[in-house]
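Next come two complexes built around subunit A: one with subunit B, the other with subunit C.
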Partner chain A sequence: MEIRTKQDVRDMARGAALLGVGGGGDPYVGQLMLQQEVLKGRYPRVIKASELADDAKVVSVCGIGSPPVLVEHLLSSKLLSKLMDEMEEYLGYKIDALISAEIGGLNSVMTLGVAAQRDIPLIDADGMGRAFPKLEMVTFSVYGCSASPVMIMDELGNSALVHARNDETAEHMSRAISSSLGAMVYSSLYPMSGKQVKDFAVHDTISLCFSIGKCIRESREDRDSPFDGLLELLHRPDEQRHCKILFDGKIVDLKHEIRDAWHFGTITMESHGDSKDVMVVEMQNEYLAARLNGETVTIVPDLIAILDSESAEPITGEQLKYGQRVKVLGISASPIMRRPECLAVFGPGGFGFKEEFRPLEELVA
Partner chain B sequence: MEIRTKQDVRDMARGAALLGVGGGGDPYVGQLMLQQEVLKGRYPRVIKASELADDAKVVSVCGIGSPPVLVEHLLSSKLLSKLMDEMEEYLGYKIDALISAEIGGLNSVMTLGVAAQRDIPLIDADGMGRAFPKLEMVTFSVYGCSASPVMIMDELGNSALVHARNDETAEHMSRAISSSLGAMVYSSLYPMSGKQVKDFAVHDTISLCFSIGKCIRESREDRDSPFDGLLELLHRPDEQRHCKILFDGKIVDLKHEIRDAWHFGTITMESHGDSKDVMVVEMQNEYLAARLNGETVTIVPDLIAILDSESAEPITGEQLKYGQRVKVLGISASPIMRRPECLAVFGPGGFGFKEEFRPLEELVA
Partner chain C sequence: MRIGVDVGGTNTDAVLMQGSQVLASAKCPTTEDVASGMIAAIEAVLADSDAPTSEIHSVMVGTTQFINAFVERKHLSPVAVMRIALPLSEGIPPLVDWPDDLRAVIGDHIYMVKGGFYYTGAEYMPLDEEAIAEAARDIQAKGIRSIAITSIFAPIRQDFEERAAAIIREIAPEMNITLSHQVGGLNLVERENAAIINASLMELSQRAISSYRKSLEVLNLSANLFVTQNDGTLMSAEVAEQSPVMTCSAGPTNSMRGAGFLTGLKEAVVIDIGGTTSDVGFLLHGFPRETSDANDIGGVRTNFSMPDVLSIGLGGGSEVETGDPVSVGPSSVGYRILEKARVFGGDVLTATDIAVAAGQCDIGDPAAVADLDAETIDQALDEIHHKIEGAIDRMKTSAKPVPAILVGGGHVLVSRPLKGVSELHRPEHAGVANAIGAAIGQVGSRIKRIVEYGSQGRDAVIKEVSDQAIAEVIAAGGIPDTVKVVEIEEMQMTYLQADSMSLKVRAIGDLALED
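The block that comes next holds the complex of A and B.
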């Protein structure tokens, strides 16, 4: 894959919005930053993890804070450059490649921008294949890589270097620092080796993300419905990926609540016509569970996307409106994300749901 | 001054409780730690700032958090030793001497313990001559020394290294980190030169603190009232220090409120006998203003101490009880603390009072 034009950047951001499953921060801010690099002729290079040396030095970059604040501040290239410089200085070595911790939302597009800026490759992989609200909700952490040292910076020149004895504590500390600095900071974290990335990352998610965005755009022109193209791309049982349109209807009720710095919400939809099926999607920053007439049809870590029913444009949690006509898509998580040790961290129980995880393809069989 | 016995340690802690003016953290926890060192034969060495080389390397050590949590956790010598080791490693030089940021409450006694542990001198000075609730409320900060880098650690092995563009932000960040780690962490901060300490510290406060504690103990035996000795020690107009018993009575009303992580309180006292004078002391962690029948008689940064009316034992904000018989003491702050640039940070306005600072000796003249 190559990202060389404004259209490529927009495709990438559209894919990141879908894989953000309602959250992850608005990719638009990252899109502007990546676009700036691309227009200067600094194109991001995306490589497969298999191309890495086992002892290659890899880190992640991500924003920590409140998405609405992010949109007010935009993204400073200078800040990201300084962040990476100081991380290299602290670690005492040059970073060979970047990996996005989170493909969904802002972080993947932003990390592409940083890779372009520094002329180092971005690995075609991430730590979850979607978006999650907490630092420790990545495969890297599940398999023993430590988030620490976490280098945190804001655009005013404040910084903190965090060492936490576990990644849950790193999350608490980083979140607190972010709040104390106005709820939007940037971090470099999860220093890993090439070997660790090969073994523990969710692979090929950058190229998948780009393909999704491109497919939606192209299918709008080439197909009866953009969803035809999208399903062809995403439903590949031979590759252990399942995708299904779970619902087609309109939003009839929306409940939002900001509690403990999280965005909780319940989205209720009714189907068109006489059947009056009801779908309810529950969210905590991201869409977590979809229930059709009371029966679970997709649950975290499987992915739920809500798209405009005509254009297939992905809709984030903040963009949802009463009366919107939408289609709800269920997509199976990558097999690594469904392993018991992963489900223990970011399966239904990790979000307070009492039910066990069941795969999408069983629930809608 | 020499601190070589358990009694010396208790004297020091008693003085620190008085200079803590109601807050500063219970010195008892620091007393136990310092006593441990002294009983091992590791005596703290206290030197005058004038004995320092101008290029001597000095730092402060202090606890950041919630005093009630502190009392539950006690103090780990190992943690303080590790904190100092890592601060030296980060700064890249050996620390020649320590200075207490805050003479009142826990921090002075604890810093004496750290000095004894590391066999480096403690300077006979601090940054306020009393206790204050915030990191930036020290003369060091007023005169341009930076709190950063602030090295923060908890007893579980979590740490953060904070660089803030100003000390108010360092306070916000450190407070947030402390909260995220359970509200009690330890920090090393305010790296300074010997010259800066000479120019900007509040001098001779360690020896004053020790003298206060010793004087109260000795006066209980040698004098009609321990207050006789205490006034002789503290009221020295020739040394620009004024002290007066502002009130003698009993507590008839107590209001406590924990708001925004601060301990706000209003203490109302009535005099004995028929005159029925009323004294009200307002506190935010520390006692800040004393008003006799509605007229201000002492206001921050001048010191207000509430003592048991018989034993002259200093009473902290948490220890106050309805019906307690107390004497209220006003003590003038050190002249450096009353300069306009200092009053701008920790004068009445720094705590939301509308009135201007007026010196105790004028108010009660």
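The block that comes next holds the complex of A and C.
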């Protein structure tokens, strides 16, 4: 895959919005940054993990803060460059490649921008294959790669180095630092080896993200419905990938609530016509569970996306409105995400659901 | 007495009003120079009513002139863009996402300056006053006359934008200055874009407003001149010269406000059926419900509070295909309905022909549609009502039936009860609802900021912001007794600890007018 034009950047951001499954932060700011790099002729290079040497040095970059603050602060390329310089200096080695911790939302698009800026490759993989609200909710963490040392920095020259006893604590400490610095800071974290990335990452998600964005745009033009193209791309049982349109209807009720700075919501939809089917999607920053007439049809970590029923434009939790015509898509999480040790961290139980995880392809035959 | 004028893309409408009474109304074609169409429409209502010009104390104008100029890239001025935020935001300079043709007109005059505040209002970097002075001299030397100034979190702290303006005025008193906090809310890119759009239109707005003033002189009117803004409230002509961007969605707003005024309803769905499209919106507290989702003006991303309007491809000129199934629209004969529709001697079957054939109205020659069979008529009517019902359903916020108001020339298309509607209103003068909306005569203010209730407590913070909103309305000419807060919206913010809230307060009052 190559990202060389404004259109490519937009395709990437559209894919990131879908894989953000309702949250992940607006990719627009990341899109603008990546666009700047591309217009300067600095194109991001994306490589497969298999191209890495086992002892290659890899880190992640991500923003930590509040989405409404991000859209005022925007981004500083100088800061991101300095963050990488200081992380290299602290670690005592050159970083060979970057990996995005989170494909959905802002972080993947921003990491592509940093890769372009520093002319180092970005690995075609991430740590979740979607978006999650906390930095310990990544496969890297599950398999023993520590988030620490986390290098945190802001544009004013403030920085902190977090060594936490576990990744959950790293999340708490990082968020506290972010709060004390105007609620938006940037971090470099999860130093890993090439071998660890090969073994523990969710693979091929950058190229998937780009293909999704591109497929939606192209099939709006070439197909009867953009969903035809999307299903062709995402439903490939022989590759252990499943995708189903779970529902087609309109939003009839929305409940939002912010508790402890997390966004909880319940979205109720009714089908068109006389069938009177009801779909309820529960969210905590991201869409987590979809229930059709009370029966679970998709549950975390499998992906739930809500899209405009005509244009297939992904709709985030904040953009939902009464009366919108939507289609709800269920997409299977990557097999690694469904392993028991991963489910223990970000399966249904990790979000307070009482039920066990069941794969989408079993729930909707 | 007062005159309301609505300058649309096709027609310029005028009404003469006294209190809540419509004394006369007129429709004239909009002209290239705008002013002569306006003169013609005002002359028509004056002639129709024999009202002495000395009795007219106010003229209120709703106009799409500025938004159209921007969309068509006509009459725009180059703009110097100053952003106060460094060292933050450096990676995403102004104008990065603007279309190339617009950038060519606006130019590449970007000045990024140190200074800024956090969302808490605390200063993270003092203002670099020397850099601003230097920029001002440079801008002056380039011969640029419009500046857009944006500082980070300006909706919360205005002082850096104001101080920068003062420094620039000292050096270049002739400069037209737009401050972002006056035209936009939170989201730096979108607010900055709004400020740049405004700055690019300022010279045009000064010329246009002065031509409106001259029109009044030609007509021998010594009335006060007002312009309607996006939310339907008025601004003085002097303020309008400074903030043309605040008029960009006045068209649909005025039509909805007029519908509310004519029926006395404060909460209702408004369906404005024109020649090609129908606009469906929702009145809440007598004002259009707004959306501040990202929207696009001439290819530029903004987040204005705009009336939340759904346009569907259905109007009096919509073409009807008599296949199976029968379809209506979205293609339309538009303004050529008077030659194309069957009842007017044309050969295109339109929605208006269906309404005539069904006996819903008496327009043109009914014999021209006598051959239509009952089933086709019935199916076309099904389709028309179905489309409108779908749009109504999308615009409602709950499943409960609500009152609906039909305005616009195409209202005759509707003949049946509509699903989801409790009662259907068709007010008199529905065809000029937009000009009536312009003439309602209220002023308003809105304040949006991030607050922390903390030790001061929620009630005290809300009161403080409300008092400020009320004071702004009175300062804008509102009669103190009539000013009230019409909307308080609190939104908790994700990923922020403590009790941070985005608080929006809107106040409205009647404009002091002698009637």
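Before moving on, here are some points about what is shown:
Keep in mind that, in the parts below, the second predicted complex is superposed on the first by the 365 of 365 C-alpha atoms of A that agree within 3 Å, B and C clash if a C-alpha of one lies under 4 Å from a C-alpha of the other, contacts with A are read in each partner's own complex, and residues count from 1 in each chain.
As a convention for this text, a residue touches a chain if its C-beta (ideal position, glycine included) is under 8 Å from a C-beta of that chain, and two chains touch if they have at least 3 such contacts.
Please read all numbers here as calculations on a predicted model, not as lab measurements.
Of the two partner chains placed by superposition, only subunit B is touched by A:172; subunit C is not. Look at A:161: by the touch rule set out above, it reaches subunit B but stays clear of subunit C.
When subunit B and subunit C are set side by side, the one touching more residues of subunit A is C. Of the two partner chains placed around the shared chain by superposition, subunit C is the only one that A:35 touches, whereas subunit B remains out of contact.
Contact with subunit C, but none with subunit B, is seen for A:322 once the two complexes are overlaid on the shared chain. Contacts of A:195 after superposition on the shared chain: neither subunit B nor subunit C is touched.
Within subunit A, the residues touching subunit B in one complex and subunit C in the other are 156, 175, 179. Here subunit C touches subunit A in the complex through residues 85, 87-93, 96-97, 118-120, 122, 124-125, 152-153, 186-189, 293-294, 393-399, 450, 492-498, 502, going by the rule given at the top.
Within the complex, the subunit A residues that touch subunit C are 28-29, 32-33, 35-36, 39, 65-69, 71-80, 113, 155-156, 175, 179, 182-183, 250, 252, 258, 261-263, 285, 319, 322-325. Residues 156-165, 169, 172-173, 175-177, 179-181 of subunit B are the ones touching subunit A in the complex.
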